[in-house]
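Chain nomenclature is as follows: A, B, C and D, assigned in order of appearance, with residue numbering initiated at 1 for each chain independently.
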């Protein structure tokens, strides 16, 4: 299995560089006879698309996806679905100043050591532009989950913290998430976030963020012991997103400070069905879904491409300083929300096909 | 690839139930001509072995490992190494009271729904007893890393928090870690931990913990984009350990509250070699090792098997209460330290064989 | 995926050397709640067991299998099934004469170059003794196929050629196959085979053979394009058996000499169901089962361990001659019959679990 | 691992339908810093291209390949190489007559049962058009082999039998292979083949063929026991080619009729190096390359798309007859020669990267 692929039964393999000709992916393992069109995919791509608000990068990409195979007369055929997005707003010139400089906080240094090739154009393969294809694959994954679960499943990501400003869970409103530029579930936090992000941008600085993804309506029984536990695979999927440094399931690190009896989710029967009195486990026990909401959080470090000058070295191992101009997200965590949703969707689709 | 296996080139596959005849694993992908004996493996198994202090389970298992194949005249042959440990202190009777009760916080409920079979003897396959084989595989992984890196690498895990009591990093002493029952690097925290664990045990309660695993001396260049990033695979490996609910690399969740310019690890040249001025990245950039120390933390929730009575259901979906007697760890996080080390070792050995 | 494993959903991984402590395997991906005991496995192991007639090796091995995990109270649990056979009749001394000699026609030369370790005891890992574990895995595979197809499937191997003496297909009698020492479906060919094998043994020579494996009652739809075609996977499985040099499906190489219109299997409807007027395809079209009998043949070269002296070299790259004493099969193809059946069973079980 | 992919370290994944928008593949696992351009790939594609002689299909496809990723400034980057060929000469109308008819001898029947979707346009995904992408991947595989072996390796396929007319091995001339429309190594057989193929075409019939692929200069030690034997993987690779029904290594089925002492390849030392006195093994012992020429043969059944009327059924399970017009190869085995070479190249490249 190539390191550019994810999944066992439902799989996707991405390719392409930030400022190359195109990016794309093959989505495989999709059952036949599922309705699928470019529109279905575009809907989710548009959420991640750059250039939509002043709080994200100003790179202009329509991110128009084309289906090249695997769909015939509007239905999936059971064969690989090849997707492509032509890059439009390539500006390799933006990078000519820093052509030989290894941007600290990015993959430039490690890629240079490992591959001995420098695609200076926005990081080449290591760019977060690759995540567009995760979102595309995620949109197809959603179709599979819908079919396998009779539309019972809802996957929803939200931004819950920017810098040190957290949302208030009491204000959580699912509907509001798609009505603001931050995927915030909390209307009240917006002015503070606008203020802090604008300030960071003006200062040539950047901010980290925390994303929470919830999935409701998923059947019990998904996931496989011992190493392909559902939470282990979700952790891998989320940690593979650019700039992610931490992942937690359910109450996560908070569980450490609870006594065992408080942390255990007790079980009762209601209307003939088991219900849990709490959800500290985040919907997963022993690596297998319980039927409760699956809840995962991951953090995204502050964007490393900033205007402030930083010390670094170049490809000749000479000391230098770097200032990253160009069109960068002051808080790359915002656009990670649809990506996190996509990783939840692809992981669950894979397990749906293994189990249901 | 079966869900009971981990790794791509260096792989291991475990089998066995907590109170079955035996547990074991196959370790494969080991290069030929590495010296290996049972003693090499036993050394690490003994660290994880139950019954060694009053702060861990009183189950008595010698955990004596036997090598059944793959070693000839003291050297690895390049063929699969089969390991077995016969279970000795099986006490299925301990579980007869709760034979039909689904222990909350454990995999009992999800296994019952998924498999329709109930191995009530200590959770059967879902028991943390399986982690003995991770430790065994880890000891062989260390041999590979030694060979591939000329003994430059040191992998060391430590307990850094029990309940809400944290170590003081200023007191960190690597040598002390193996000189106490808690794998603590901080001598001063010991009395507090002893007190809190003893109290929890007396109360029939339990405590969570945080483990930090550090690896120094690892060469730059290990890890593979995009989905097999070293941090993504470490996250999966750690999250697959029983009771783990969160994982973070480098400064992890703390990175969210730093401005970009503080979070970026700046680079300089010293004695002709690149050095980093900080290690917020935890030794990994773009999913590839930088050569700095790899630092990972994971949390272990409080043991779910406790004396305090909890509400639950049985296999007939009837409401009941449960009190878990038997010989349980009041803080299962302690014995997770050598397991975390082992997961670091197996993941790195796999990447060493891919790259070096 | 390790090279000692086969299968995607139903998988098995073997370990052990010819004259080591034991041989064994892990069978994984087995659904829960299938009845399984050692007896089920032993039945098939006994067919392959050495020392049963004067036409096979005189090594005495009871080949008694022990189930170490994955079965609880007589039912599979859905977790890995670990099997072990302790070696009994180890006679490393038989090999002391040829300790440093690389037996031509065997893996000795290539293993020596690749691994730099010489397990002179009967070829170590490269010995056909490993195939006992294929047969064990095959017996569990049959259980899965039975369950998934309601016992509709029959898998039957037969010896159809020894040296240049072929059976007459007109005499084919399924019942007779298990009533003779050769797995011959043709009673009339027996005297000729007895004579030719006895002669070869007396002469210190050996004979090749062809095996045919048929599978009836398998549902249409098994197999996956493009690279995991059912026939491609069967070809790999059969070619992986020791000493196999060729594989063909359906009419195989004979198809070359037929005009297209004769080779095509025409289709009609009978009792409302499609039937084929011939079976040149061997039950597979486009890599997917048609529902017709699956028919595969493979050839086994004459045993390379013979009494006649042959030119070879030793591990020091010195010229020498070799005479292989010990207890060898004059026609190793005979005992390949249950192995071929097992490879058919494991491959089909894997595809049953992918599709049914 | 998806069924549309092959390989473990060097992998390729193909996509696309015969008369869809395009076909393509992702080639992954390619080391960085190998020179690669479209021209390198096109050279081999042109050998397989249709419409080049009256003995192959008249479909006109330039088969112009475009590299979309993974190459930067003429060098491979170590990241996935995405290739695409736009289909030009799509004529779905050719298939309108037989839209609902299941072509016997093709995958139509099994795909219909398995997927419930009918891409009537030349078989859709099951078309041999897919093999263009195997050839493309093979051309990149050759680059890797060249680099890893210092250009010592030569991979050459040839047609050795058409219908019942075989070449004479005594006339074998490597240079002649690329100088005729049949990839024949024997000049003298050409007139007979021209005659028999022309006759088959006129009769609305078709012919089978046998292809032999030889590889010289490959180092000893490639291949992995037990299930990823080099011969087992080659067998799978060749059997996965459309219309292939049999595969043999070395002397293959002929080995059955030789006594053991004649079949064994004896070893001597010449100029300090081991040499074999024969090559019945086809360059592979115990699944590992010996350093001798690797020799494999596979047969291709006669084209199933013929003008002669055949009995079949339609998608409504009604009896009908079919006559396949359109532009079909009278002997599809001819164009299988470069495909067989490609499969040899991809398999060897994968093992080169595992071992060298």
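Heads up, the rule we're going with is that a contact is a pair of C-beta atoms (placed from the backbone, for glycine too) under 8 Å apart; a residue touches a chain by one contact, two chains touch by 3 or more.
Predicted, not measured: the structure shown is a model, and the values here were computed from it.
Participant: What rotation angle, rounded to the nearest 5 degrees, superposes the C-alpha atoms of chain A onto those of its identical copy chain C?
Facilitator: 180
Participant: Relative to chain B, which chain has the most distant C-alpha mean position?
Facilitator: Farthest by centroid: D.
Participant: Using Cα averages as centroids, what's the distance between chain A and chain C in whole Å?
Facilitator: Computed value for the inter-centroid distance: 47 Å.
Participant: Using mean CA coordinates as chain centres, what's the chain A-chain B distance in Å?
Facilitator: The mean C-alpha positions of chain A and chain B differ by 27 Å.
Participant: Please work out the Cα centroid separation of chain B and chain C, and write it as a whole number of Å.
Facilitator: 39
Participant: Among all residues of chain A, which ones touch two or more of the remaining chains?
Facilitator: Answer for chain A, listing residues that touch two or more other chains: 1, 3-5, 14, 79, 114, 125, 225.
Participant: Would you pull the chain C residues touching chain D in the complex into a rising list?
Facilitator: 1, 3-6, 8, 14, 102, 104-111, 113-114, 125-126, 130, 161, 163-164, 200, 203, 205-210, 220-221, 223-229, 231-240, 242, 245-253, 255-261, 263-269, 272-274, 277, 280-282, 284-290, 299-304, 306, 308, 310-313, 317-319, 355
Participant: Mind pulling up the chain B residues that touch chain C in the complex?
Facilitator: Where chain B meets chain C, its residues are 1-5, 11, 13-17, 20-24, 26, 28-29, 32-33, 68-70, 72, 75-82, 84, 114-117, 119, 124-125.
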